[in-house]
Amino acid sequence: MKDTQRVIFIIVSLIGMLLLWQVIIWAADLPAFVLPSPGNVARRFMQTVEDGSLLRHLGVTLFEVLLGLAVGLVTATFTGYLLAKSRLLERLLSPYIVASQSVPMVAIAPLLVIWLGPGLLSKVLIAALIVFFPVLVNTIVGVRAVPEDLYALMHSLQATRWQILQHLEIPAAMPVFLGGLRIGATLAVIGAVVGEFVGADRGLGFLINVGRGMYDTALVFVAVFVLVALALALYGLVVGLENHLLAWQRRAEE
Amino acid sequence: QAEPAPAQPEAAPQELTHIRLPMGYIPNVQYTPFYVAVELGFYEKAGIELEFDYSFETDGVALVGADDLQFSVVSGEQVLMARNQGLPVVYVMAWYRDYPVGVVAMTGQGITQPGDLAGKRVGLPGPFGANYIGLRALLDATGLQESDITLDSIGFNQVEALVAGQEDAVVVYTTNEPIQLQSQGYDVDVIAVADYAHLVSNGLLTNETTIANHPELVRGMVEATLSGIRYTIAHPEDAYEIAKKYVDGLEEADIHVQLDILRASIALYQHDPVGYSDLQAWQNMQDVLINMQLINAPLDLEAAFTNDFIEN
Amino acid sequence: MTSLKIEPILAVTNLQVAFSDGNGNLQVLDPLSFAVDRQEFVCVLGPSGCGKSTLLRVLGGLLSPTHGEVLFRGEPLRGPRRGVGVVFQNANLMPWRSAFANIALPLELQGTPESEIAPRVHELIELVGLQGFADWLPRDLSGGMAQRVAIARALVHDPDVLLLDEPFGALDALTREQMGAELLRIAVDARNGGRASRKTIIMVTHAIDEAVFLADRVLVLGPRPAQIRMDVRIDLPRPRDGNLRYTPQFGALAQRLRDSIG
Amino acid sequence: MKDTQRVIFIIVSLIGMLLLWQVIIWAADLPAFVLPSPGNVARRFMQTVEDGSLLRHLGVTLFEVLLGLAVGLVTATFTGYLLAKSRLLERLLSPYIVASQSVPMVAIAPLLVIWLGPGLLSKVLIAALIVFFPVLVNTIVGVRAVPEDLYALMHSLQATRWQILQHLEIPAAMPVFLGGLRIGATLAVIGAVVGEFVGADRGLGFLINVGRGMYDTALVFVAVFVLVALALALYGLVVGLENHLLAWQRRAEE
Amino acid sequence: MTSLKIEPILAVTNLQVAFSDGNGNLQVLDPLSFAVDRQEFVCVLGPSGCGKSTLLRVLGGLLSPTHGEVLFRGEPLRGPRRGVGVVFQNANLMPWRSAFANIALPLELQGTPESEIAPRVHELIELVGLQGFADWLPRDLSGGMAQRVAIARALVHDPDVLLLDEPFGALDALTREQMGAELLRIAVDARNGGRASRKTIIMVTHAIDEAVFLADRVLVLGPRPAQIRMDVRIDLPRPRDGNLRYTPQFGALAQRLRDSIG
């Protein structure tokens, strides 16, 4: 019943938003290049689907996002675990990590372009960089919250480091870690698109640039909607993972 | 030099019209004519209080099209692409005569004319915008196809990529990057688009509503800006001094380079008559855009621009 | 019992533990020396906060002493050792594992094949009387049920040495007696034809009766900083059954312990 | 001793980096506008300090960052708390929140500028938007992790909603929440700078643009270093807050 | 005791609780009916997992029953009520609060002025024998010390009704007896010229002796689904002291209860 409720709510709210959108256009008499109508956007969507361009650009962006997410996730989890286990290491390295996070992309884009070339790699790297930090921080927080008593238990059972990781730290840190992943998955999309803005000739970010350059606002909307759908799909995957992995934690809240 | 002292407010309490002007880029020595016109009170005299808007991602054109703003500084192709999408914008004053885009390569690479680009790696920010259109016009003028060269979308990192040897040539603004490169001791060859194609270039944009309802405002705006341009042409050094107040870092910057940039820009201005744009340049631009499929059908070019506000 | 004495499995010499925390230094174990023989069942009594859990953690290799030495099977103890089962004072279950999976943990860690795990775990679930609760999560178990899961977990891999910190604290009198009897059966009476080897057990308890009923020997600790106040052999015959509790011998021992504590 | 060690490490590593930097310049014979020398950057730094321009731009950015952080923090904490308390609400609203996070700034920046003008507000909003999500997610995760038993305790003491919030939920959720704040504080800097890139005539992001426009790479470095220092200072504040608020949690790991 | 009987403060009619969790439906409390008089001291005995904690949570207004009704002071119980102190089965301390601050919590919540809090809290710290540990964090306390903090917390705001779930479970025999005596002093013997009002107490315990020694009445619950197996008045004279434990009357009552459980 809750699920039905939810589906109904989403459908109703979507219809409501479409209506509102259309009403705004009628009321304010906005030209299509400022705010295209839902119909406009739908038509443009069909066009780009039919000529295959949407799928092509989506494919490129999706690939960048997934690769960037994977790279960022793996490095962040690994680093985060190390820093969680050693406060000294954390204190020594975190200034550099924070520094690396606060250097704006625009400032390092030339270096990226020179080192990695104009292709896929730079986008993947930007996405990975942007994913890195939230996952790192939440890995640290999650691992730090593992109860001491359970470590004692594992030690008393002569668990190896690897077994402690597998049977204690991973499940115990999972809730907070997955929170980081939620943030990371959403940011990965932004990261890839930012990379495409910086310089690309394909991908949804590029499509937005093209649409903007040609005052084809409907195309911009199509690209943005597809991006949002992509981010939602990724987020949904993470939530699905949570529902699966954190079932033990869930009863209480419902 | 007898500068007119910062305009004494003659009809002092006159209500000024506030104008927010999207410039399309950050404060830069290239905007000197506008700074001059403000500083010497030309706008004020025309009843205008000017606010620079450096939001270069803001799409000044769309704002003007929607009549949220009255004016914007734009490149010529934008006018046609905007009108193609139904934006009622009108180009009322040419600032540049020559399209300021070109291709730069290191001297000794043997890239001195468009035909030499065949088979080379050419870097540009991306397949959109003025850089791309300039490059395509250049290729069109020599009969090359895009597939004859390797295009790399490298973002606004052309100089770095060229110096690092990653690209054989890069597409740049002829008034800026070549001078910067030369000042750093690099010998470069420049292929200017303007030498091969006569295209409408940067100028002042307004919309049909403003022309219809406030022609005097348009006229004042154009006149004041033209005065700034004229002054800059006549007194580049003095104009440069004025620009220093508006451009951060100009104070410390290598004065020769920045002044050279200003001089190079002035060379591309529409001099005679100042502010005038001709139909042929518009026609050429349209041909390029149609060729690039950025426009699907010919437009009513007469509606896209007017020289009516240029004083004689 | 003395007839089986071979060598001390645990020898504690001059053991001292101090925590430098809270406000200043807290001396918990004063120099403490004793030895536990192989296959001995030792109960530890002592007032709350005197250092019983701390002592158990030291013996389990989970805490290194500030001073002194612990020999385990003749070698200095440097960390947790194989074949030691621990029941902590709180149940200490993993909240994401079912009762079954919590009990199975030690077997999983030592790489027991899946096929052997299930029957063994079910055997222990039955032993602690939790039939039907195998798939329950700790949060849905009662306090006593959680503690029984912890007991089952400590026994499942059949360790030689058991360190039990008030394992029956949350159990009602009856269940407590049953569990005590089970413990005796699987751990002590094994020599009388049960499982292969008898276990060495060190158990903290608050119940004097329980200590007398179960142990070969009872150590009574004084208040913090804990020293050994009394070290009593319980020379009651084995196997012991419920009726033993009502013998004068039993009463006398219990009374003696009670007096030493008071 | 650990602290001394740390200071030594940082000094040594800084000196090492400066050396490496200088060596790269000598070895690769890079022109100053690709990679300026440390001396170059230091001189440029002194210049901008002396003419007061650095301080002015820093002030602008700092103001945007702090305001954006404050706005993002407050709204995210508030929303996060609501969503944590109601899974239904979370399910209904999270798609919209994720959607709002995955629309690239470049696509909505024009709208922001139209609505808010080219001034301070748009930067503050962008910074707030970027801070919002990690703080939101970590607030949710943190509040969800409050032990049920302690709720029962508070209820048995007839604690009001407000008291439960104050005495239970806030302290219990604090570790994870502060993790979100760590991420948020760093991102706020990026957010304000992105806003300044999109359009501004002051601030450190603008200074980077100026430097890039004039091929004054030393100026770019100065601005980037100051940005990094700003981010580090904010991060340091959060870590200080953690050390203060989470002292109860800390002994175990040291 | 009966002479003081006024009206039932708690009246439970046909109480049923079922958890629809784990695998299917678990009936925990079978229709259960009883009443507790004002100022009565009731101990609850019963096997592990039978539903004692669940019952206490229902009486505390922390859990609504599946069926049946609970009247508190004559009104249906809809949630936690003012003037009720609870000790949970686990100590349930806030890890970020010191022992002092944990004990002070109820006073803070009811808005007691700072100046009154400190002396009162220190009074209770002394009562539970934790002098010197006021500033310690829960993680540094022993199991029994944590439990004593929890007891102090339940008493600090001087509630009329106490719901105690094995409050002495982690305490050694001696401390246990001391705490029991304190409980009697502050709660029951108050009528003999102590504090203003005597308290109503419902306490889950596993120790039969303790129940007999402390209570006016003992409820024995059967195994899950729990029903009342026995409802025994303890007609021993008050004030009670340690010697009472060795009287035949005491022994008989304890034996009777033990038999009813077994």
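Letters A, B, C, D and E mark the chains in the order given here, with residues in each chain numbered from 1 onward.
The working rule: a residue touches a chain if its C-beta (ideal position, glycine included) is under 8 Å from a C-beta of that chain, and two chains touch if they have at least 3 such contacts.
Keep in mind that what you see is a predicted model, and the values were worked out from it rather than measured.
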If a chain touches subunit C and subunit D alike, it appears here: A, E
Given subunit B and subunit D, the chains that contact each of them: A
Most remote chain, CA-based centroid, reference being subunit C: B
D-E or A-B - the one linked by more C-beta pairs in contact: A-B
Cα-centroid distance, subunit A relative to subunit C, in whole angstrom: 50
Centroid distance [mean C-alpha coordinates] between subunit C and subunit B, Å: 86
Geometric centre distance via CA averages, subunit D-subunit A, whole Å: 18
Approximate Å spacing (C-alpha centroids) for the pair subunit C, subunit E: 28
Multi-chain contact residues (two or more partners), subunit D: 34, 106, 148, 197, 209, 212, 249, 251-252
Of all residues in subunit E, the ones touching two or more other chains: 21, 90, 137, 139-140
Where subunit B touches two or more other chains, by residue: 59, 62, 156, 160, 164
Every chain pair in contact, whichever chains are involved: A-B, A-C, A-D, B-D, C-E, D-E
Footprint of subunit C on subunit E - complex, ascending: 19, 21-23, 45-49, 52-53, 89-90, 133, 135-137, 140-145, 148, 166, 169-176, 206-208, 258, 261-262
Residues on subunit A engaged by subunit D in the complex (per definition of touch): 2, 5-6, 9-10, 13, 87-88, 91-92, 94-95, 98-99, 101-104, 106-107, 110, 133-134, 137-138, 140-141, 144-145, 148, 175-176, 178-180, 182-183, 186-187, 189-190, 193-194, 197, 205, 208, 220, 223-224, 227-228, 230-232, 235, 239, 249, 252-254
Subunit B-touching residues of subunit D, taken from the complex the two chains share: 31-34, 44, 47-48, 51, 53, 106, 109-110, 113-114, 118, 197-201, 206-207, 209-216, 219
Footprint of subunit E on subunit D - complex, ascending: 149-150, 152-159, 163, 167-168, 171-172, 174, 248-249, 251-252
Subunit A partner contacts - residues on subunit C that touch it in the complex: 57, 60-62, 79-82, 84-86, 88, 90, 92, 94-97, 105-106, 108-110, 137, 139-140, 163
